[in-house]
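Below you'll find the structures, each written out as structure tokens.
What follows is a pair of complexes built around chain A, which joins chain B in one and chain C in the other.
Entry: the complex of A and B
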């Protein structure tokens, strides 16, 4: 418990310090936030366009689609806020040698890598997602209050799942030097989560529910709120899936760090 | 506290290296059949440090200094051997151990690059759990000794190398660790900055009895700070003892320079004085090198002034750079299998690269 408190306080401090430094260049930050928002708006308009063609996408109404899309932005936005160092881990930490410094501090290495820098502008995705959900709820005839209440928590589980999957891919750079590899195609898979999983064929469904279980981050968490009883077991499995992947991630990082210790690179 | 602060026994670190043949064809070959070899960076290194000791760990580039430091700080896991620092096995209890040590790598900052120095200090304060009162008090001491006060509001990336180093040093001691590792702490600093850093380290060592291991290229650092040096080359300890002992053992020479009112007839290259020969430096100026084990400089001087109308005379000893570079050369010659043994100039007390002598 003391360790949890220690890390929570440290996270708050890391975030505050980083935000302070980042906001010192206000125009720069405003531009980044605007660009980020335009990106979100563009992908949202694709959804709108798609829906104008198929008013009942595989049995989903327009407000439901907006709800799904809005929710998918929550874990995705949280993930984007903390993932910037994962992308640059191999170059910035392993090649440039910053990882040595990480190992000299009495704080979990993975914690330091994740929280040493933030993509603050991605918080707009969380805000945009919340607004979209709010609009959808006002249009939907029947939304489960419990499902709605659990959404924020389930969004955090979703973000943990995303971070863990990319953490696993990043940890591969402890062993292989080629680091372009798998991360970008896996990243592209995240956009599948914006649509109801029912529109995909079986192979994609299986992929998103098992090996790379992004459906547990962005689709299944909406099942309770939208009263999609057939997905309820998946809904309740979300925390489990997130925790399992988080543990796998921590275990692989541990192995990777041990390997770093024996090779020094 | 009779236990040593640091105990290193038969420490070995080997790395796997892939040999690459030159050129494109070599690169292609490497794709199919990479030739692997092992490189021994640290080869059976042993030493002990008592609490409060300040030791210089020196050696030429690639001697294994940094690899040793990385094992002692818990970054690297040794291939074999034992290390116990403050009762910890560094790489096994890395996080707990990290609370008790401070580390400065001269080449790289330990601070966060983009945020103001004072904010880095506040993060470190939280990480190491330094109380508010201790923090204030220590920061005041750092400002007195290192004058970092006016640097605190700037981001690290805007500091000069000397300023950054002062901040890094302060950061490494914020939690008052009993053991401090310094890897090239004066690299790239000007004379004034070097003097500041050395004075600070002396003071920290005196006030807190911090045990310090220092690697450096600048032997003046060692001469000013360390009673004891551990010298390694090719991963092996060649010397462990006092700096004076190192000099006496390897280059026990006194150099006597003297001036005559005018060059002797014919301005000869050599001047024979009793059993010794002085060499001509310039018209009327000569230098005589004496092996101190054979004669005292006083005897030689007496002999010189007895026979010659000496105007001026000065005695000096070889500086430590020269001693150390001679040891490296001798060791390099010794390591070549078909080279003749290092005869000329080699002091008889030369430590073979197997045995270690303490002086």
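Entry: the complex of A and C
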């Protein structure tokens, strides 16, 4: 418990420190946030454009589809805020030798790598998603209040799941020198979770529910709010799946670090 | 002719070097085939569901399901060819001061950048676009080009797309260096262009007012124009006009890039560092 409190406090400090530095250049941050929003808005507008023409898609109404897409932006946005260092881990930390500095400090190295810098502007994705959910809820006749209340927490579990999956892929760079770049194709799989899972074949559903369990990050978490009884068991499994992947991630990082030999640079 | 060949030689060397540079990272491209396959796949399922709602043999925005699927497949295959990171490269050169090494070379910076992009595209064509296209054709019922002429015009249009994207990215890179979050701007550019190029959804699905604006912009020529040519939705005079416009945009954006470069070069101060 004390360790959790310690890390939570440290995270708040890291975040405050980074935000301060970033917001020192206010106009520039505003430009970055605006650019980020334009990107999200462009992708979202395609979905609105396409699905607003059809009253139903594979058993889902337009507001439900907006709800799904809107929710998918919450874990994705949170993940984007913290994941920037994972992408550059092999180059920036292992090759350039920054990882040695990390190892000198008495805090979990994975924790430091994740939270040394943030992509603050991705918080707009969380806000955009929340607005979309709000709109959808105003159009939906019957939304479960408990399901809505749990959404933020489930979004955090979803983000933990994303971070863990990409953390596992990143940890591979402790072993494999020639990086083949497994992360990009997996990253693109995230977009599958933005649409109702019913549009996919069994093999895609299986992939998204097992090996790369992104359906637990962005589709199943909406089951309770949208009263989709058939997916409720998956809904309640979300925290478990997130925790299991997080533990796997931590374990793999431990083994990788034990194996780590500095480049000496 | 020999003078022309002599003038082109350094640029061929740049194209060749960039071809060889990315050859060193070829492993990434094997996995990258999957990235493109997944992107096309998600749209396969979305369109399948949408057409399913409409019933067997329905058309959406003037496309049948096989046509739409073909549009998606040829679009992503083309993107794998025309994609380049000229913007990122030029921006980081300016940022990190490496531009000095470029400036001392007796070559035209824009032409050099573009030949590097084309060298990269040549690599991508062989080791990336062809495998991606092959995989998509094997897995999904992609339609063949409407006619031999459609295939020839598609290839021409695809080449123009690569030049167009190179010209656009050169401009974007020069604009992006004025902000401190270059990568953020470039990330947004990808997402916005995926929409405006017609890669995700053909322009026929856009609301009338948006469409009216888009036809006066260069972006549709990245995907919508070649896609419609492959399907035979633009033939004869229509196709000729579309290709003419596409080529005109390439020229216009290259000129814009030159102006931006002049404005940027004047401001650049290379420090001793």
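Operating definition for what follows: the second predicted complex is superposed on the first by the 256 of 265 C-alpha atoms of A that agree within 3 Å, B and C clash if a C-alpha of one lies under 4 Å from a C-alpha of the other, contacts with A are read in each partner's own complex, and residues count from 1 in each chain.
The criterion applied here is as follows: contacts are C-beta pairs under 8 Å (C-beta built on N, C-alpha and C of every residue); 3 or more make two chains touch, one makes a residue touch a chain.
Bear in mind the structure is a predicted one, so any value in this text is a computation, not a measurement.
**Q** Sharing chain A, do chain B and chain C clash or fit in the superposition?
**A** fit
**Q** Looking at A:240, would you say it contacts chain B, chain C, both, or neither? Reply first, second, both or neither.
**A** Neither partner.
**Q** Measure off the angle at the C-alpha centre of chain A toward the C-alpha centres of chain B and chain C in the combined model, and quote it in steps of 10°.
**A** 90
**Q** Figure out whether A:116 sits in contact with chain B (first) or chain C (second), or with both, or with neither.
**A** Once the two structures are laid over each other on A, A:116 reaches chain B alone.
**Q** Quick one: is A:101 in contact with chain B, with chain C, with both, or with neither? Answer first, second, both or neither.
**A** Touch partner of A:101: chain B, not chain C.
**Q** With both structures placed on chain A, which of the two partners, chain B or chain C, ends up touching more residues of chain A?
**A** C
**Q** One more residue to check, A:188. First (chain B), second (chain C), both or neither?
**A** second
**Q** Just chain B (first), just chain C (second), both, or neither: which does A:131 touch?
**A** The answer is neither, since A:131 touches no partner chain.
**Q** Across all Cα pairs of chain B and chain C, what is the smallest distance in the superposition, given in whole Å?
**A** Least C-alpha distance after superposition: 11 Å.
**Q** With touch defined as at the start, can you tell me which chain A residues reach chain B in the complex?
**A** Touch list, chain A to chain B: 9-10, 13-14, 17-18, 20-21, 97-98, 100-101, 103-108, 116, 258, 261-264.
**Q** Which bits of chain C are touching chain A when the two form their complex?
**A** So the residues of chain C touching chain A come out as 27-28, 30-32, 34-35, 38-39, 41-42, 45-46, 48-50, 52-53, 179-181, 184-185, 187-188, 190-192, 194-196, 200-201, 205-207.
**Q** Help me check something: in the complex, which residues belonging to chain B touch chain A?
**A** Contact set of chain B toward chain A: 15-16, 67, 70, 73-77, 79, 91, 94-96, 98-99, 101, 103, 105, 108, 110, 112, 114-116, 119, 122-123, 126-128, 155.
**Q** Using the touch definition from the top, list the residues of chain A that touch chain C in their complex.
**A** 25, 28-29, 31-32, 35-36, 38-40, 42-43, 45-46, 49-50, 54, 56-58, 121, 178-182, 184-185, 187-189, 191-192, 195, 199-201, 204
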